[in-house]
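Chain nomenclature is as follows: A, B, C, D, E and F, assigned in order of appearance, with residue numbering initiated at 1 for each chain independently.
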Amino acid sequence: MSSDPFFHPVSGFDLPRFAGVPTFMRLPHVPLDDPRLSDVQIGLIGSPWDSGTTNRPGPRHGPRQLRDLSTMIRAQNGATGVRPFEMVNCADLGDVSPNPADIQDAMDRITRFFETVREHGIRPLTAGGDHLNSLPILRALGTPEPLGMVHFDSHTDLFHSYFGGTMYTHGTPFRRAIEEELLDPKRVVQIGIRGSTYDSEDRDFADSVGVRVIPIEEFHARGVEDVMTEAREIVGSKPTYLSYDIDFIDPAFAPGTGTPEVGGPNSYQALQVIRLLDGVDIVGADLVEVSPPFDPSGATAFLGVSVMFEILCQMAVTMTRG
Amino acid sequence: MSSDPFFHPVSGFDLPRFAGVPTFMRLPHVPLDDPRLSDVQIGLIGSPWDSGTTNRPGPRHGPRQLRDLSTMIRAQNGATGVRPFEMVNCADLGDVSPNPADIQDAMDRITRFFETVREHGIRPLTAGGDHLNSLPILRALGTPEPLGMVHFDSHTDLFHSYFGGTMYTHGTPFRRAIEEELLDPKRVVQIGIRGSTYDSEDRDFADSVGVRVIPIEEFHARGVEDVMTEAREIVGSKPTYLSYDIDFIDPAFAPGTGTPEVGGPNSYQALQVIRLLDGVDIVGADLVEVSPPFDPSGATAFLGVSVMFEILCQMAVTMTRG
Amino acid sequence: MSSDPFFHPVSGFDLPRFAGVPTFMRLPHVPLDDPRLSDVQIGLIGSPWDSGTTNRPGPRHGPRQLRDLSTMIRAQNGATGVRPFEMVNCADLGDVSPNPADIQDAMDRITRFFETVREHGIRPLTAGGDHLNSLPILRALGTPEPLGMVHFDSHTDLFHSYFGGTMYTHGTPFRRAIEEELLDPKRVVQIGIRGSTYDSEDRDFADSVGVRVIPIEEFHARGVEDVMTEAREIVGSKPTYLSYDIDFIDPAFAPGTGTPEVGGPNSYQALQVIRLLDGVDIVGADLVEVSPPFDPSGATAFLGVSVMFEILCQMAVTMTRG
Amino acid sequence: MSSDPFFHPVSGFDLPRFAGVPTFMRLPHVPLDDPRLSDVQIGLIGSPWDSGTTNRPGPRHGPRQLRDLSTMIRAQNGATGVRPFEMVNCADLGDVSPNPADIQDAMDRITRFFETVREHGIRPLTAGGDHLNSLPILRALGTPEPLGMVHFDSHTDLFHSYFGGTMYTHGTPFRRAIEEELLDPKRVVQIGIRGSTYDSEDRDFADSVGVRVIPIEEFHARGVEDVMTEAREIVGSKPTYLSYDIDFIDPAFAPGTGTPEVGGPNSYQALQVIRLLDGVDIVGADLVEVSPPFDPSGATAFLGVSVMFEILCQMAVTMTRG
Amino acid sequence: MSSDPFFHPVSGFDLPRFAGVPTFMRLPHVPLDDPRLSDVQIGLIGSPWDSGTTNRPGPRHGPRQLRDLSTMIRAQNGATGVRPFEMVNCADLGDVSPNPADIQDAMDRITRFFETVREHGIRPLTAGGDHLNSLPILRALGTPEPLGMVHFDSHTDLFHSYFGGTMYTHGTPFRRAIEEELLDPKRVVQIGIRGSTYDSEDRDFADSVGVRVIPIEEFHARGVEDVMTEAREIVGSKPTYLSYDIDFIDPAFAPGTGTPEVGGPNSYQALQVIRLLDGVDIVGADLVEVSPPFDPSGATAFLGVSVMFEILCQMAVTMTRG
Amino acid sequence: MSSDPFFHPVSGFDLPRFAGVPTFMRLPHVPLDDPRLSDVQIGLIGSPWDSGTTNRPGPRHGPRQLRDLSTMIRAQNGATGVRPFEMVNCADLGDVSPNPADIQDAMDRITRFFETVREHGIRPLTAGGDHLNSLPILRALGTPEPLGMVHFDSHTDLFHSYFGGTMYTHGTPFRRAIEEELLDPKRVVQIGIRGSTYDSEDRDFADSVGVRVIPIEEFHARGVEDVMTEAREIVGSKPTYLSYDIDFIDPAFAPGTGTPEVGGPNSYQALQVIRLLDGVDIVGADLVEVSPPFDPSGATAFLGVSVMFEILCQMAVTMTRG
């Protein structure tokens, strides 16, 4: 199987990589009302919304900067030789229109957008936005059957509530998703957890429902390959969501984020963990918490789109394997 | 009348200005539950909340950076010779605790904080936060009698709603305040308005209720003194609120803000407009929209606290005049 | 006359200004091979090429950043009330594909692009790129009849050659353009010239062919209105090109450029000079030398697009006056 | 044993972490003249002085920025589960008032401050300032019995003098401290030493008095655990000072310092070395050379306070072990 | 009279301005032990010392960055047409070697350096360093006859002492210089004074000895030409020192300095004040307080060297007038 | 054998490292027309040219910033104890004068410069500039006998052409050098290759001529020592060029470059690979692609000069072993 040339990105040999209107990875822009939408197999989507942020805001600017830096990505994976854009039809579906001043309205808009995406049989690869975005996305993808999830992060995002009862923040999305049965907790693995914490309430919840938490100490001690073998076993071959918080990576490599925690993986490990997801049926993925105001140089966004490209390659390989 | 030495700031000759826990202008920290609260006459307050921001967030970090840079402010006004801290008891009352993930809850918390301040007879000088903060503050100060207002800004903030009906954003506070009769529109003057606009709906509203809008073209053409004479006449001698959006000033002088508009006043004019408010009964004031993520150097915050110091001097002079 | 709604920009009330694939001023992207090209009246174009730069490179990144910041521009001119997008059909025509490693090839590509634009009757408003871009653009627009030119800059760009005979640099475009009879030197006015110079060879040339140079000392002494009255007289009512080098503006307002010169106009004057071009028949315009690597904050680009919007408004008014 | 709730930090669930007057780790501010001083067990102190700096100054601004970023630290150690603030009474004792223009006066002021701290039985955890601060601190703590020291750094700071005889710089504190018998050289270990050097005079001195120097090559070759086992053996169970120069860590992780040396440990190792000090009786500690002017983003300060939190946890565990 | 071609700067047409070892204005480097020293008429000197700084250090890095940016200066003054390097022999004399950790030793070194300069009949144009540098320089130049001084600054630097008796800081140099009879106070004018102050002790001293202080309010009200006419009258035709603190200029134009004060002159006025010193016999000059750590972009240094070039042109014109 | 003291660098104990006109490593400046040129054994050279850059320009500013940061390098290698400046005569030969607006002219100028260097028996250690600089350098060094090469990079730079036939870009130098028989492909090893690619054309060429490519996956899997053992075997004992692209190193450590690729070596490995070149006869070397506009802090340049110092030590050891 090979892709429709309409969906091939613009080459840097034809138009230098700093030129042109920046879409994700220089793919064609196919909005939801475009007749070519039905041909898309993987949709790259921006969800520029960060109202769930409890500390330093900014990820709403993530999709813009990620698109900008994504023009640095070329056609072929240097490590694996995979050429994803020739395997499946990829397109930039544009951004969800969030409401930055109304959390419930914003979540509804996001869910509706992804329902449309799903109805067209498109697998979404989303650039956030903060981590609360994952909840309205999962509301579109995690029914009727709950999904498994491979979750890279320095935080569990499993807290019950903040500020005396606020249920929807970027620290709570997966608590809600499990409560709403969008995720199957026994098929959820969280990797890289670290940093000082308020208490152990999130970890107690994880234990109580069967979510597997792999803290960074265990990650560093066991090594990437061993950890990812376990991760693959946990999610198995059933449909799985991949959620990648950029703060999984050490802040020296990814400074542009709102809640960094030191002592994380380096950039090579950041890519390796994706390459070791072979065989996992990724039905949707997100890369969240890239916050351009905290990294005007774009280094974090470039690492972010490098991670997105690895995810895209994995998705393309799985989708064409038959 | 002279102030209680307890309320004098720490001198840079005793403790260098880069040293010490940074309170506003190196004043004593007097939280709302402190027994000395009743002795405070002017309270410097942080309201670190920016959930009304429709574009680039960040002003929630304003109070922290404004406190940091405020340690550069010394005891005496170089232009007027006023020594405000020796005239009235000034203190840092700390920050309102906002809820960054719930707009209504946050506004209620702010209003309650300022009601307490008012009940103690303290005139608040607030560091935002975005401009939506002015609404919950005015709910505490603008009853039972509506206030006049001198408003420096590049935007009117008089829009009806955003995003299909969202009523509470940093573009709507004074529309709401007039509707809620917290401000007397005939005693409101807005100075410095400029930039491209969606439409004229805000200006039509201003005209319909009697708010005087002085656009930047008129400001530059008439000069500071002439414009401020008119402003003093509009608000008269009755209680007046002063709201100062840092984006009133040209972004070369104040880059750290979310919605800059080019072509504004310079930093000298930014101070002059305050010095020409002689005789205005400022019962409360705010300096809003300083956004540290867009100005890591702190230059904007330093200009902001310089403006706050001018306001403080004006308030002190008025309060001790008799 | 009113524009086709297809060519209206996306409103910030529908999609927040930080969201979406960034085209110039959120206009539709209409590449040269798009059937709607014939309907376009003003084309916004990026020319991301800076191989003529003799000192600090970077303007090749200008169009990308100008597009990004241009999403801050709204529908209506705050000073004049003009709503250009409702008056004429405006579109983003995308970028010229330059060859960053071959100057002659790059100039040929640029000229061909603008010949196509001209053949469709579109008036181009170009974002550079360095100032050498103006030469290949004028090769498309300045024949068979040479154009007049209003030129804002701190340099004349009239030098003969650099580095022992190199004829094509960003310091020579208008020398070449006059030699090639693309410009009528007697209808050329250069405003804002300043800074230390190698010698007076450029000024001697200007004098010899009748180019009027208004140095910054004269600009500050006479004032904006007086200077612009003379400028309008010089170019008259015949077809005129407008070339605006961002280094015309003082570097405090526009730091992001490669060859700044201190002592220039402020941002208000930067806009005023355009507003005072009433009646000039602007058949094409460029804004050049915005260099993002020297201004990661984007402040220069924001001022640049604010200038572009003023130019666009002037063009729209002239085109619809008819 | 458990701490007095008065000394508990403010929770981010009660007051968001970006809000409030920033004390170290959101602890109560207890100046030396506060009656609660006697209840403090661990005192967090700023020593904002950098007059010993021979190259790039700036660490005088360290305490301010470290306080700012320390509000990101929560209640519980994510790796060990330790909750130090519930174990011992911790407080922010404020800053020493240095004299930035008189080295001897400044050192005297620092020694007096720490004598007071010691007299109250408080163990100090100090944020510098440059490394010369350690000398006046040791003058308060290292008598009558000299202390052992675990010293993380890329430099030995054991030089005799600079600039033809200047004895007090940030390259000489431990030479002086050993000469003054404040440190027992046989119980001193220096870890991470690297970079180009003037000569071997410092290393020769170390050898002559029995200081153990572990250069970075040995550190990387042996691994963290092996090195720290030796370090624990060297200092044994007697009172020990811990001095942590932020330039121990590789500059990619900690760019904000005046004399960086490449090739250092990563941020995970930066924490590990502290966690492996189990059983060491840390009677005082410092974290020095964080220089905010060289890292406006605060990333270095955040890593610095993360290290301080690890040190605090170690101190709390030892102090409560009995 | 014309200069020796040996002393001509390298042209940007021969070697691009970003290339080469950066000396001041691309002049030959002539150290004090060079036999060509006797031929030098104006010596550009770096004095990289900032131990007098009471707040934010950094000016020790000024000479390095000023040299770097000075390669942007070309051969001819754009406003006046003066070509100074062809009029008098100019050279870069290198840097004074300061002792950053011993104030008295450092001042002695500086005085000795300038004594040598003076003995060779060279007029020094010095790049600081902080403002305390002016004192040891004046010790070399201001005897046996005290000098007049034109002093541009936002601070008087006339304070008696800091921190309980410290006599040598960057806030006291001219108090000392008047006490030591290096300056004739009746021939001293200080222009641009502003900002909040500790008290009026400095101004009282100025009044008592006859120093004329022109605060910024008066500067803005009277205009540049009127103020400078008075300045010329005050210093008359006798030997005069020119001391230019970069914080004279508004921080929007010159952010890179340690003690900024808002509301200052713009960059055009910053140059104008020098151009209006016609006829003043400038026997030495300095440009101080450029602090690169607070302006990594170099914009402040570029403005600084632009000011230095104006001073150099004035000195050259006076020296050749004969 | 020991060096002439004339060629010893200035010590930081005599002149602080922030002071003085910055030459490479504080060595004497010996231009090509200086009579001392014949005594030089290793020449440090700047080649400030980046016209081959196909994406983000800036390396033309590399030599200036590398010189600046090189003043941080001291006399002795901390890891090996080597004191290179006492072993061989080292000097700063200044910069090649490139023509930034004419690629062929620029390459000719560079080749001529290095022919002169070679004729004097000097081994060049060059600071770029972009990677195209290596081609004109090799034209001077790689005849009549082709050289071997150890090449550290994330890209092979072996592409045939760009933009439809452009043969000279920073992606093609070694393709040209092999075609021109300046390099012996069987003695070329490329280490660290990674990142997304256009296609495999470069790798196919490498295979066809016998260039050994060690991708980053193999580098990380085998470890530094094993890889470098192979590298030494490939180049053997015959004359070898060393080309070090700063983008070999992970962008967290070296952000200031135009074409970063994530997942690279850390800064310790960056030095180790040089230390493991023992016995390789390095007849010339370059460090390229340091781009200051993308790293105003200079961290990349500091790592760059640290690498250059390691190379210099290796060259000195080999040259004196004989």
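The criterion applied here is as follows: a contact is a pair of C-beta atoms (placed from the backbone, for glycine too) under 8 Å apart; a residue touches a chain by one contact, two chains touch by 3 or more.
Model, not experiment: these values are computed from the prediction.
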Touching chain C and also chain D, the following chains: A, B, E, F
Where chain E and chain F overlap in contact partners, by chain label: C, D
Repeat of interface A-B, chosen from D-F, D-E or E-F - more than half of residue-number contact pairs shared: D-E
Most distant chain from chain A by Cα centroid: E
Self-contact between copies chain C and chain E, residue sets same or different by half: different
Interchain centroid distance [CA atoms averaged], chain B/chain C, Å: 39
Chain A-chain E separation of Cα centroids, rounded to whole Å: 55
Overlap residues in chain E, where contacts from two or more other chains coincide: 14, 16, 18, 54, 56, 60-61, 100, 162-164, 250, 252, 266, 294, 297
Chain pairs that touch, as defined at the top of this document: A-B, A-C, A-D, A-F, B-C, B-D, B-E, C-E, C-F, D-E, D-F, E-F
Chain A residues within the chain F interface of the complex: 11-14, 16-18, 72-79, 81, 250, 252-253, 266-268, 270-271, 297, 299, 302-303, 306, 309
Residue ranges of chain E in contact with chain B within the complex: 54-56, 162-164, 193-200, 215-217, 220, 250-252, 255, 259-264, 266, 294
Residues of chain F defined as touching chain E within the complex: 14-16, 18-23, 29, 46, 48, 60-61, 63-64, 67-68, 92, 94-98, 100, 296-297
Residue numbers on chain C that touch chain F, as the complex places them: 50-54, 56-58, 60-61, 99-103, 105, 162-164, 166, 168-169, 293-294
